[in-house]
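Next up: the structures, one after another.
Each of the next two complexes has subunit A plus one more chain, namely subunit B in the first and subunit C in the second.
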Partner chain A sequence: MTKALKTTRRTLLKGAGAGGLLAASPLLGRFASAQSAAPIKIGFQQHSTGIGAAYGRWYGRTTEAALKMINDAGGINGRPVEIIAEDDGTDPKRGAEVVEKFSNQHGCDVAYGTLFSHVVIGSAPAAGEQKIPYFVVSEGHHVASGALNRYTLQPGITDVKSQVQAMAPYVSENLGKKVTMIFPDFAFGHDHRDFFTAAIEAQGGEVLEHIAVPPSETSFTKYFPKIPRETEVLYHVMVGPAVLTFVKELGEFFGPSSPAIFGFIDSLEAVDLASPGLEFLEGTYFWEGNPRYAQADQTEYDKAYRAAVGVDENGASVSDPSDVSTYAHMFGCWETLHIIKAGMEAADYQGPDDRQKLIEAVEAMTDMPESMEHPQGPKLFNGKTHQVFGVQYISRVENGRLVKVHTTSIDDTLYPDEVDYTTQSF
Partner chain B sequence: MNLDARSVALHLGLIAVLIVLGFVLPTYHQGNLARILVLATYAVGYNVLFGYTGLLSLGHAMFFAAGMYGCGMAMHLGGLTVIPAFVIGLICAAALSAVVALLALRTIGVAFMIVTLMFAQSVYLTALYLGEWTGGDEGFVIAQATRQIAGYALTEPLTRYFAALTLFAVALLITARMMQMSFGRVLIGVRENEERTRMLGYDVFRHKLGAVIISGTIAGAAGAGYAVLFGYVGATFASVQYSIFPLLWVLLGGMGTTIGPLIGVAFMFYLIDYASGVTNAYMLIAGAALVLLTLFARAGIVGEIRNRWVPWLP
Partner chain C sequence: MALPTHHARVRLRNIIIVVKPALLWGGPAMAHVSEQGFVLLLPTGAYITAGVAVVAMTVIALFAMPQAVVTGLFSARALTPRDFGKWPVITSLLSFCVMFFGIYIGIYGSRDPLSNLMPLGFWTIGWIALVSLSAVFGNLWTWINPWTGLYRLLNLKEPPMRLPDRIGLWPATATLVCFAAFLLADPAPDDPTRLAQLVAGYWGVTFVGLILFGPRWCHSAELGHALFASFASLTAIRLQHPAGIGGPGWQIAQAPPRPAAGLFALTLLGVGSFDGLNETFWWLGQIGVNPLEFPGRSAIIGVTLMGLITSILGLMAIFALTIWVGMALAGAKTPFAQAYGWLALCVLPIALVYHVAHYLTAFMVGIQYTIAALSDPFATGADFLGIQPFRVTTGFFNRIDTVRLIWITQAGLVVVGHVWSVLLAHRVAITLFGDHRRAVIATLPLSVFMIGYTFLGLWLLAAPKGA
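Let's turn to the complex of A and B:
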């Protein structure tokens, strides 16, 4: 993935000229081989406020940790890297404004970091118009669906379609074939409804009932009687402030005799599993993008990544055990920043004039082996759809901890291309 | 100079300044001002109802969204070009405001606020519910290549700026002219004393109906303008916060003043833009600024200027 820094005669001479200044600064000394010692600026569109703030906080910590690792190793193309964070308020209008600000005010080389799909979709037109590479960490299907543009890429986190689809084989073989789905009645829930229904049918299973819960709902008891009696697996995914109420009421409804329960950890990202009322989750299953709890077979990469970001073995902050991380998603920031570095090095990126070369360099990427740059697991990037594919994890709640019980293959997550961005002009 | 001539000079002068700014501002601020002008158009529409007629709506986002979705879906799903799609956006906003007006104007005061809030909430939830076509909360992008008029790309910064300025100028001049006509003066009469206006023989309901439709259609024009100029349509713009924004802008700039809405939007935009660079608690700064304005400049920025120094300001 990464390329050794190239030292040409020209860089050597320029380096020598700047040498006196640089040598005087121990901090800058390690960037001495660069053509320009000016930092590479990465605009970080951060959900510091609004509904995405819990994610934004951890995306920020992960970004800082990855930045430190990259700068400690000499930066990118011998230049230090600087992160310029701007709050988008988890709002698509502000998101687009922030992308313009990165491009026109801060002079950023690339923009990066957005999670919530509506902010990505709202900001992508601005990225296309400003012609600034926009690396999102969103897990939405928007990039791979072809709805966005050539400047928008998602190389560091898998999308919801591949995640959901990869769950179907395990669910149908181990938990049951008759599924009832309960999901929020907006785009995020509809993605789950559509993709999982198709995937479970391909496994010979069926969805008995789709229960869509309006987004403004605060009590869920009235939806549970709609769950058919013959349901073998209850598939749930909820987001937002009512999540805890949802899970508690589900527990009260079923009592001790429930069907197998499978959910997406999105329901409980940044929520402590030891929270009162969640005891009922014992024995249920979750998709995890990256296992929150350090597992028995933890890799050295996960160990080092966890330490770098400041996450303990329970997935919480090392300085505050009640501050639970968004572990299933935030690795995407770490991996995306390393991909930006690898892409810039492959393209010999010098400045905004090389943005197209950077995109082409990332589009040319394919295999990304599990490594310190990719601690979540191995990945396969599809340059045509601008979307990465990778392994997914299924965990079971045992003694109040999420214990990994299954790792999907990358093949389980693949689906036919829906777009070829490389045919679009810059 | 008589009052009308001063008013014409003010408005044309403002437009002339905005034209010059389009050429001299740095790219970043030119882009910001384009956004500000579209949002100011929305605020101008809101001001017709709130500032001049005295009807406080808490649901104007539905009109903004009606224009936005009408125009955006006509382009995205119907494959229409910008102008016909924009007209469809206007028709959607006008139709929705007529229906809402007929029902909501049966109430007054707090009830009117609540009824408009409820209607807006239903429009918001409808946009989510019809996610197959509207993209729900995620929304959708209008393809960059389709956002052009007669070969002029609306994605090009200067073209976009002048498109936004045209939209704003038309809305500003329509409302400024309207306030010089008897229709506008009756609206002020309704605001000041509805019973007396009725007693004088004016059809108050018909005037209020007209105000809601004009206000809603201008808000819809802003929504349609936002869709074609910035390429995104989403349910966030139908949410309650986008009903509150125009109220804040108009209060800040000066309710019942023609240029107040623009000043209010620009003030709020740059307050948030700068404050967010200083602290994540920038909404606290915005809130403090609002409280201070309410305490010391109750008529808003332009309103206060009118009260203290320039009494002829329209």
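Let's turn to the complex of A and C:
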């Protein structure tokens, strides 16, 4: 069993037998102070297959690294922690079934780790019915919008509304006030359109043109003439397999004289910026949830976090420089697991009967200083909306690397509460 | 490809519409760009044109090619059949143990399909690798099927029941359709427990069939036997009776097929084609799914099944049309069913290359997970193979040079498979229709169809995908 604590994907203590093996482990002494040596079981709703698989793989690696750190430090309340990973196929219906399984079959204490918004939205009702705390890592605004329930929390990653809003001050002060937005014509793009348009107007700027591109489009040249001449900033959030084509064609359209260009790294998450066709990105700006490239002012926490997950200073796997991680998002898994730990310790969590105490303990959280538990940066949790707020980063592409040029304040990311989950009964 | 019914499309749209307003999508919206993004940057239009041209040139060359060249390509020399004695019994028993272990792992092992040897062994090793390798090494299933060893041990006398000869591969064809439905439409074909239960159930049903009908059951109804035997008929060397060595495909050219063997081959190709098609932006557009917002398999089970069945039946119908027109042009007197069944077998090279090309990328990732799971079969943190720290990578999808290499390998396989099929069909046509000239005319519509299918195959590799 000692091998289980190595820094590998194998660290995940999965399967029915793991608990028993762990109980017989020579490491038992480490956890001896607990009333029960039975492991805390965290159900990890993983996108192992389906459209989210690329993210699921890195969420898995980050989860494993955080688990090792937590277990090496004595687990939670003196008990070892076990991760039970279930594939949801990035499918909302399966997602709900997985959450039910965590509660009914696997005896999990909490459910955790979901990324894709439609899976979160599909699974959250099951979490409410099963009365199992459901810690999502999705960035969606659905938690803070009030669409979900008291059992669903997002304490480890900020939501898209706050991210987009926080970009407006920097964009208007440094890049320009006349913005043209180009986005895919569905909910994801519409969120950006709505949140950013409001935010830039609040900064005294304006959006000259909204260019909505049909999701099935794979060539974009015909949309570029719609960009008004007086545009100072082009805001893009294209996603999907045609992103590289989009960037290439944009470069061909503008040549050397383009407006300032600002995008969300979601478009190019896990893509090497040195890829052919992306040369045009040189000098453009990106939102980053967490800077992919180690920065000059890298904290000791980021350094240790990278080492634990097995990511190099370029944000790629230490075992393959081409294997670029989903660095802007996966820190959310690390931080969420540490919040579950902190919440369980604050609630003196002993078992499923204490699930409500755990939720109340997390709801009571506020400041989360930058630390080994929060390597992305400091955060502020809003117990009423179940949503965390934190600093955001703006980076500029310089010599094919993303170099951080601005860190927002947490205040930049705040917006009025849209729900108070604490008024809902359990 | 026919469209799903209007009713189904409307129903699906409704689902999407209901979901959308609730979907305040904040997260990373899509599976990351990676491989597909680079494929879209490649000059695939030029590659596709070149590939189609190669197959078209092959068809034109047939007119000028002497008959002896074509027959020579698929001629064979008889070999003395090898008797492997007890070895296949031993390996089958071992395979039974491996399967039993897989079922145990599936039920009691890791819940993550990428750490569990049941789904990894079944899909990555079995369905992808071994099925493909049977076209090189022959019918591996006679060695590794988990029934015949145990059956031989039981030393049963004559089976109590008998399957009629005319049943041919009909039951296996039906089983293949069910299997494809599970592969393509089921929401969780990777789920370790469900897969383990399914494998256990299938093993039980097959073993009962074996006891009741004897080995004939396996040869008519058991999917593994039919699948491996089909691709194994493409090997150059055959060691079992009737043993021989010749140009790959000689076994097909040598003797008329069993009933429904041609339909089995067409079903295999139909499944492979739809397996590629159902991921494309084009298909998702047809069924009203936003390709950047795939709703999950659960939401499209009905339309996927409909697409699968339509693909298979549509392929069979188009194929029949090409044979009928060809025979009419050539004034051939051969019975239609005989010509159809035999020429249909000639699509096996295409089905094979589709299989290999389509799953190449999945295999490159899946085999890494398989190695990791072999090193730690019970997901307890063990490292029996001493490979830690072992980190699965998909970095080769992130570089244009490797993506280009992968794509050209896939495309090259598709082109080779079609050329192979064109030649093989022509060889069979010579036997069916008597002479070279008549064979060229009779297979002309079929050749045109294969040129079109080359385009489809290459287009499927190049098309943007969203599911």
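Throughout what follows, the second predicted complex is superposed on the first by the 401 of 426 C-alpha atoms of A that agree within 3 Å, B and C clash if a C-alpha of one lies under 4 Å from a C-alpha of the other, contacts with A are read in each partner's own complex, and residues count from 1 in each chain.
The working rule: contacts are C-beta pairs under 8 Å (C-beta built on N, C-alpha and C of every residue); 3 or more make two chains touch, one makes a residue touch a chain.
Owing to the predicted nature of the structure, the values given are computational and were not obtained by experimental measurement.
In the three-chain model built by superposing on subunit A, subunit B clashes with subunit C. Ranking subunit B and subunit C by residues of subunit A touched puts C first.
Once chain A of one complex is fitted onto chain A of the other, the partner contacts of A:225 are absent, as it touches neither subunit B nor subunit C. Looking at the shared chain after the overlay, A:48 reaches both subunit B and subunit C. Applying the stated contact rule after C-alpha superposition, one finds that A:100 touches subunit B and leaves subunit C untouched. In the superposed model, A:115 makes contact with subunit C only, not with subunit B. Residue contacts after overlaying the shared chain place A:416 against neither subunit B nor subunit C.
Of the two partner chains placed around the shared chain by superposition, subunit B and subunit C are both touched by A:92. In the superposed model, A:128 lies in contact with subunit B only, and not with subunit C. Of the two partner chains, subunit B is the only one that A:148 touches; subunit C does not reach it. In the overlay built on the shared chain, the residue A:186 is in contact with subunit B and with subunit C.
The intersection of subunit A residues touching subunit B with those touching subunit C, taken from the two complexes, comprises 48-49, 86-87, 91-93, 117-118, 121, 140, 142, 147, 186-188, 215-216. Of all residues in subunit A, those touching subunit B in their complex are 48-49, 86-87, 91-93, 96-97, 100-101, 104-105, 117-118, 121-122, 124-126, 128-129, 140, 142, 147-149, 185-188, 190, 214-216.
Those residues of subunit B that touch subunit A in the complex are listed here as 26-28, 31-32, 35, 125, 128-129, 131-132, 135-142, 144, 155, 230-232, 234-237, 273, 276-277, 280, 282-283.
Per the touch definition, subunit C reaches subunit A in the complex via residues 19-20, 22-34, 36-41, 108-115, 187-188, 190-191, 281, 284-285, 290-299, 372, 375-376, 378-383, 388-396, 398-400, 402, 464-467. Looking at the complex, you find that subunit A touches subunit C at residues 1, 3-18, 21, 46, 48-55, 57, 60-61, 84-87, 89-94, 106, 115-119, 121, 138-142, 145, 147, 159-161, 163, 184, 186-188, 191, 215-216, 218, 239-245, 248, 266-272, 275-277, 310, 316-324, 326, 329.
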